[in-house]
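In order of appearance the chains are A, B and C, and numbering begins at 1 in each one.
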Amino acid sequence: MSTADDGDAAWGAADFIELDGVEKVFDVRRKTGFLRREKRQVRAVDGISFRVPRGEMVGYIGPNGAGKSTTIKMLTGILTPSGGRLRVAGIDPSKERTRLAQRIGVVFGQRTTLWWDLPLKDSYRLMRRMYRIPDDRYAANMARCTELLDLGELLDVPVRQLSLGQRMRGDIAAALLHDPEVLYLDEPTIGLDVVSKSKVREFLRDLNAERGTTVLLTTHDLTDIEQLCKRVMVIDHGRLVYDGALAGLHEVGESERTLVVDLERELPPIRTPLARNVKVEGPRQWLAFPASVSAAPLVAELASAYPLLDLSVREPDIEAVIAKMYAGGADAGTGARIG
Amino acid sequence: MAEARKRVDEAGSGARGVREGRPATEGDRRPVREDAHRAAEDLLSVRDRGPGGRLRLARDGFRAYGLIAAMWIRATMAYRTSFVMTTLGSFAATGLDFVAVLLMFQHVERLGGFSLGEVAFLYGLAGAALGLGDLAMGTMGRLGQKVRDGTLDTLLVRPAPVLAQVAADRFALRRLGRTTQGLAVLTYALVQLDGVVWTPLKVLMVPVMLLSGGAIFAAVFTMGGAFQFWAQDAAEVQSAFTFGGNALLQYPPTVFAKDLVRGVTFLVPLAFVNWIPAMYVLGRPYPLAVPEWFAFLSPVVAVGFWVVAGLLWRVGVRSYRSTGS
Amino acid sequence: MRGVRVRWRLYALVAAGSFRRYATYRVATAAGVFTNTVFGFILAYAYTALWDQRPGLGGYDLAQALAYVWLGQALLAAASLMGGGFEDELMERIRTGAVVTDLYRPADLQLWWLAADLGRGAYLLLGRGVAPMAAGILAFDVALPPEWWMWAAFLASVLLGLVVSFALRFMVGLSAFWLMDGTGVAQMSWLAAMFFSGMLLPLTLFPGLLGEVARAMPWSSLLQVPVDVYLGKRTGWDLVAAYAFQAGWAVALLTLGRLVQGAATRRVVVQGG
């Protein structure tokens, strides 16, 4: 699979989101004593450039405070960049916020865009009028969201009485009623139970596949990325430290896959230049090999030399990979090490 | 301009160290595209800043305000008893405030040379005007909280002016209680006043005072809200001018020190809510030497208040968007 | 015995925490001082007009009437004479259901909030009381206590007033268990406080039966009684009677609050949170 090549083909024609050296600098005042205050500048986003073509689904990940939310806020026009150039659908978000608002949908995982004290359906009715959604589109979208997000019984319930998962589904529907071309999701699965999570993911996958809606999501949950996004961007300390296929992350993070070998009988640990023996447990042995290398030569060698019952390849733990990258990102020579 | 460009370039080179699944920028194509964008931008900014754009903004604002307010009214009406009770409560409660004035007149015939009817006239006008302003823009006081807890962000991603969204949030029709109380006192005053020679102009001035006064107070609420972009906890400063202004204007101007009256006439011209026009209606001299036509300036002053409020709000939103929460 | 001591320390900590919490809102404090001072000026002029016409009205001379105005502004925030305080937060916690966790805390709901409210009151008395009072004394001829110890007597009376104020607002907060929108109740409550505490007009100016009723109601503990103590109108046994009046209302209202709290707790348990 060659994600990068797919990207090259689709690119150029329809870059939907464009960032060139975008920066965001905050003045932070901190109390250091009874009356003393310290003023310093924080570069929340420090020169980020990327492009997202129409219809792509991109994961945007990074540790807390890395600049994910700040980026989303700039993309939606909530914040004005301190430097660089930013366009969404050719529009400068901070200059024409309300015009852009018609074309984007936003879901903040931590706070709702719905009216807290009112029944869910009141919020939808208001959205419909506010976004001037044509009757037929509204009816169709409402029906679709109600069905796929299982909202039927929730429509008459005040938002504050909804569970987190129900509210999130309600929020996603609210963000989609006006057929946005792009959907930003800031931590859409945070705090959700397993069932709600998979429901949300399934819905987003369908949305992207059927409607071609461009999706950019930030998340802490890497399963979201694994299940939804072919492309992932990693941000740390306000800088993009990785932009590419999910698979490529392993390479960067020097991760390893594991081949689990079931032998016919207990044997001494297997030695091979292609892999590292990690563990032996009776007739089962674990061999680690670089994630960027194909398993085929290793398997061929083992098959010729050992009595095999079964083989299985375990994918590396992405979280460990990213943790490694973050740790590396804190070093001065990030570029040299990763690039 | 050159400086900005330099920064972009530096940022671009800084990003070069990034491991790229795809190149981050597309140098050869960029200048052309940027120029096109800039041209489009200029066009749009002209449209945005021109009178047409402003008119459209105002129309969108009123529309959004109406939509949100209607939704809240509908929501309140679902609990009709609660609504009726709180409105009556608000009416009765603000009524206590006037009882204090009545109690004062238990002990004196005149206050600052003004009879009960005349004070009631001032009181009713100021109260009803404040009620209208509060009804329209009273929730602006919650802006600081919205900035603090981040809910303002959710308003900024909607295709409607933020001012309208903030102002209409939790629109509470029960605040009509204060207006009603003000109007009731005003009616009482009109019955009590016997020395006034009513001309058509004077009759017309009463509703004009109410509407202009309401607009002035609404603008003050808006300024107080905008102020909270910088000082999120300073909601109370607004009360000094709204509720404080009301407390001031319900007494005759003769009660106060000249400097205070001067400040309220020229500096923060709340005197145009009722004092100056009401002196004309009552046929009494204003403690300061002002031309007689000042009495008819209230609508103009209201517009002035709104120009300042609008500017302040704009600067506030802009500063929010450049600092974030 | 030991358990009791530990709990006192807990509540002391709650009060101190609340004090510090309010102390962090420096801007809010400054804004409040500004507003109180503005209102103080407006009322001071109105009272001057009134007392110019009727010197000695309500048993006060002009300087005493002006002291009344500025003490009202100084106590307004601390004693919540015009609302505001913990009850909004309590209502919000009830509305969102967060109050359930409060109920499972190993501390008494009422005492917890009382401690917090006293911490708040102590801060607001200093932060928002001193500056407007000083402004009033500088700008107007304000009567000061005739004896130095009356300051102490005054502060004791203020403290009792704070407890009465708390007890009243605690019940207002609990009303959120039964009402969807407690705003109306809160509003009624602060208007009653404003009127019957003497904030709008000294209760001694209220005529006949209205005056007698107003002076006997709990709200008079918040302002009228402390001001009279300050002005040296209540000394000797009369001072004791003033304290007894305040303490009596405090105990009665706190007890009533406990009953309401019990009913509310049962309600939560029945509803299952």
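As a working rule, a residue touches a chain if its C-beta (ideal position, glycine included) is under 8 Å from a C-beta of that chain, and two chains touch if they have at least 3 such contacts.
Since we're looking at a predicted model, the values are computed, not measured.
Chain B has the Cα centre that lies closest to the mean of all protein Cα atoms in view.
When every pair of chains is scored by its C-beta contact pairs, the maximum goes to A-B.
Averaging Cα coordinates per chain places subunit A and subunit C 52 Å apart. Spacing of subunit A relative to subunit B, judged by their CA centroids, is 42 angstrom. One inter-chain figure worth recording: subunit B and subunit C are separated by 30 Å, centre to centre, where each centre is the mean of the chain's CA atoms. Residues 3-4, 7-8, 11-12, 20-24, 26-27, 44, 46-51, 70, 73, 76-80, 82-85, 87, 90, 92, 94-99, 101-102, 104, 106, 108, 110-113, 115, 117-118, 122, 125-126, 129-131, 231, 239-245, 248, 252, 334-336, 338-339 of subunit A are the ones that touch subunit B when the two sit in their complex.
Listed in rising order, the residues of subunit B touching subunit C in the complex are 79, 82, 85-86, 89-90, 93-94, 96-97, 99-100, 103-104, 106-108, 110-112, 172, 174, 231-237, 239-240, 244, 247-248, 251, 254-257, 260. Subunit C meets subunit B in the complex at residues 25-28, 30-32, 34-35, 38-39, 41-43, 45-46, 48-50, 53-54, 57, 179-181, 183-184, 187-188, 191-192, 194-195, 200-201, 205-207. For subunit B in complex with subunit A, the residues that touch the partner chain are 4, 7-12, 14-22, 24-26, 29-30, 34, 37, 40-41, 44-45, 48, 60, 64, 67-68, 71, 74-75, 149-151, 153-154, 156-161, 318, 321-324.
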